[in-house]
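In the two complexes below, chain A is the common chain; its partner is chain B in one and chain C in the other.
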Partner chain A sequence: MIYAMGIISIVLLSIVLGPFIIPDTLWPQTARDFLQHNGLNDTGASNLVSAIYLGYRAYDTIGETIVLLAAVTGALYLIKSLPMTHTGSMESRPELKGKTTIIGVTTGKLAPVVMLFGWYVMFFGHLSPGGGFQGGVVLASGMLFIALGREGYRGESKLNNQGFHLIEVLSLWFIIVLVCIPLVFGASILENPFTRIDEIMPRVIYVIGFNMAIGLKVASGLTLLGLLMMDMTHD
Partner chain B sequence: MITVLLVFVVIGSAYALFSRDLLHSTIVLSMTSVVSALIFYLLHAPDVAITEAAVGAGLSTVIFLWIIKQTRRSDP
Partner chain C sequence: MINRILVLCLFLLGFYGLMVQKNMVKKVFALSIQNSAVVLLFILEGSRIGSLAPIVTEAQAAYVDPIPQALMLTAIVVGICVTALALALVFRLYKKYETLNIEEIQRKAIDES
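For the complex of A and B:
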């Protein structure tokens, strides 16, 4: 059965992708040239991928963050309402057996480096490859490393779920404020409000703020999902 | 170069799909996503490469390993 499904999907994929690979036509260049000439001036991001998803297509980015918030809220509701599991119990957990040196080194020494790289990707998303979403995911990986390492020492841990939920909701409010700022300056909604000023710096600061808000939101949401799954006890 | 990497991706995906040991599946899937991140980088899409490496090789592998630890290791 599964072999037949695999063969059918390969055939369908080759039917779909074949016309793109076989002919020797020229790729369309209008959108590329438009972005190359106007991207920095319109949005303040010289990385053109950031220029698209924070400037021209910022509605999609906002919808994506709201979808992530809905997913985290639904998971929180489901896990809290399951009768067999309980979250956040501090006592009477058996000591972790697989506590070896490599886990200790990875979670203790590598996680801060991973988190620093995540902050870098978030801050420089307008210049270099990366951006809010990617930096947020890297940051969440670092925090999940720390959460894996702290499992034996649950009582003295400072990572708690309420704080992450607070960060997520606050960064959503920050995104909404950033969306509404252009209305104050007389630009249309989701347009970069500083395009009429000649200096480039305010635009760049606006884009960095957008990147930071999205990154914090993604990082706190994914870390919260991971922590919730780790706190479930399996009976 | 890209063809070799794509063949590797197909082999790794097939092994991850048909393997009976879920731990092996997870590790091969993580390797597959690292290789596809390399393909994205070679095709001049570094943004997608960062996303693929962070999500595929980092976050989802951690979550899969945790779930395997909480449940069974073998696929019945």
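For the complex of A and C:
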């Protein structure tokens, strides 16, 4: 019954969506050409995707970080508000069945390299493919490697939830400060302030600072989510 | 042409999974598949007018359109948030009703009330 309903619904949906997706109409080039000629001058980022999400559409980026904050907060509330049946935190667990050679070698040797690559992607997001979000995700995966490999040594590990809460809140304040800095220089909000003062500081500093703040925020948020879900006990 | 049809099929597959599957974790996977299909469609559209990464160099070249890429950056992050929150909700329901089957959860919820 439900399978027939599913098939009927995807047939109907394909009738609706097909005319949108299938035809090969010409994609307009005006926006691309405008960005190609003005993006570097307006924002100081030669990566045009960074120029959009940190320059022209920076409000979207602020909203996006708030969505991430809301998701992390909601997941924290939903998981932490349960009465915990089993506190699997401090004492070393007797069975270490997840500890294999693959995990040991991968987490020990690969995690610093992955985290270094994440910092590279964050710092050079204005010049090369990358940016705050991507670098933050790579950084978070490096930290989750470490969290995977520390099973049995949780008491000695410095990687705890409180530190990530602190980083998350501090990077949110960093973002708010970056939003308000242009007002000091007489520019409008979220405008790159260093275009107004001539050549004292390169204007790309604003983009780099935004990338760093967003990267730290994404990294701490996603690591928090990962640590939360790894702490879930299945029984 | 064929790649558009494949993207449409991927989206419909996600929709079908969202409707038909009774396991809630599989429903979350289906949402993630739908999100991926939308991302693929936008990236495909933006790459129609060029083939190079949109990084300004000296030579004028045929870049891809950067606007769909910037939009999809947002969509990917929001997709991750939706997946994480949905999984947390599923965990909460599993703790309460001790099953992942959505029909059993409905039955138990009706019995309780």
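In this text, the second predicted complex is superposed on the first by the 197 of 235 C-alpha atoms of A that agree within 3 Å, B and C clash if a C-alpha of one lies under 4 Å from a C-alpha of the other, contacts with A are read in each partner's own complex, and residues count from 1 in each chain.
Quick note on the criterion: a residue touches a chain if its C-beta (ideal position, glycine included) is under 8 Å from a C-beta of that chain, and two chains touch if they have at least 3 such contacts.
As the structure is a prediction and not an experimental result, all values here were calculated from the model.
**Q** May I ask you to decide whether A:S141 touches chain B, chain C, both, or neither, giving the answer as first, second, both or neither?
**A** A:S141 sits against chain B, while chain C stays out of touch.
**Q** Using the superposition described at the top, determine whether chain B or chain C touches more residues of chain A.
**A** Ranking chain B and chain C by residues of chain A touched puts C first.
**Q** Tell me which partner A:A219 touches in the superposition: chain B (first), chain C (second), both or neither.
**A** neither
**Q** If you stack the two complexes on chain A, which partner ends up touching A:V49: first (chain B), second (chain C), both, or neither?
**A** After superposition on chain A, A:V49 lies in contact with both partners, chain B and chain C.
**Q** Just to be sure I read the superposition right, which of the two partners does A:M230 touch: chain B = first, chain C = second, or both, or neither?
**A** A:M230 sits against chain B, while chain C stays out of touch.
**Q** With both complexes superposed on chain A, which partner does A:P129 reach: first (chain B), second (chain C), both or neither?
**A** Both partners, chain B and chain C.
**Q** If we overlay the two complexes on their shared chain A, which of chain B and chain C does A:I79 touch? Say first, second, both or neither.
**A** second
**Q** Considering only the touch criterion stated at the top, classify A:L172 as touching first (chain B), second (chain C), both, or neither.
**A** neither
**Q** Who does A:M5 touch here: chain B (first), chain C (second), both, or neither?
**A** second
**Q** Taking the contacts chain A makes with chain B in one complex and with chain C in the other, which residues are shared?
**A** Correct list for chain A: 2, 6, 47, 49, 129, 131, 133, 222, 229, 232.
**Q** In the complex formed with chain C, which residues of chain A make contact?
**A** 2-3, 5-7, 9-10, 13-14, 17-18, 21-22, 24, 26-27, 29, 31-32, 35-36, 39-40, 46-49, 51-53, 57, 60-61, 64, 67-68, 70-72, 74-75, 78-79, 82, 127-129, 131, 133, 218, 222, 225, 228-229, 232
**Q** Looking at the complex, which residues from chain A come into contact with chain B?
**A** Residues 2, 6, 47, 49, 121, 129-131, 133-134, 137-138, 140-141, 144-145, 148, 222, 226, 229-230, 232, 234.
**Q** Within the complex, which stretch of chain C touches chain A?
**A** 1, 4-5, 7-8, 11-12, 15-16, 19-20, 41, 45-46, 48-50, 53-57, 60, 63-67, 69-70, 73-74, 76-78, 80-82, 84-85, 87-89, 91-92, 95
**Q** Within their complex, state which residues of chain B touch chain A.
**A** Interface residues on chain B, with respect to chain A: 17, 46-47, 49-51, 54-55, 58-59, 62-63, 66-67, 70-71.
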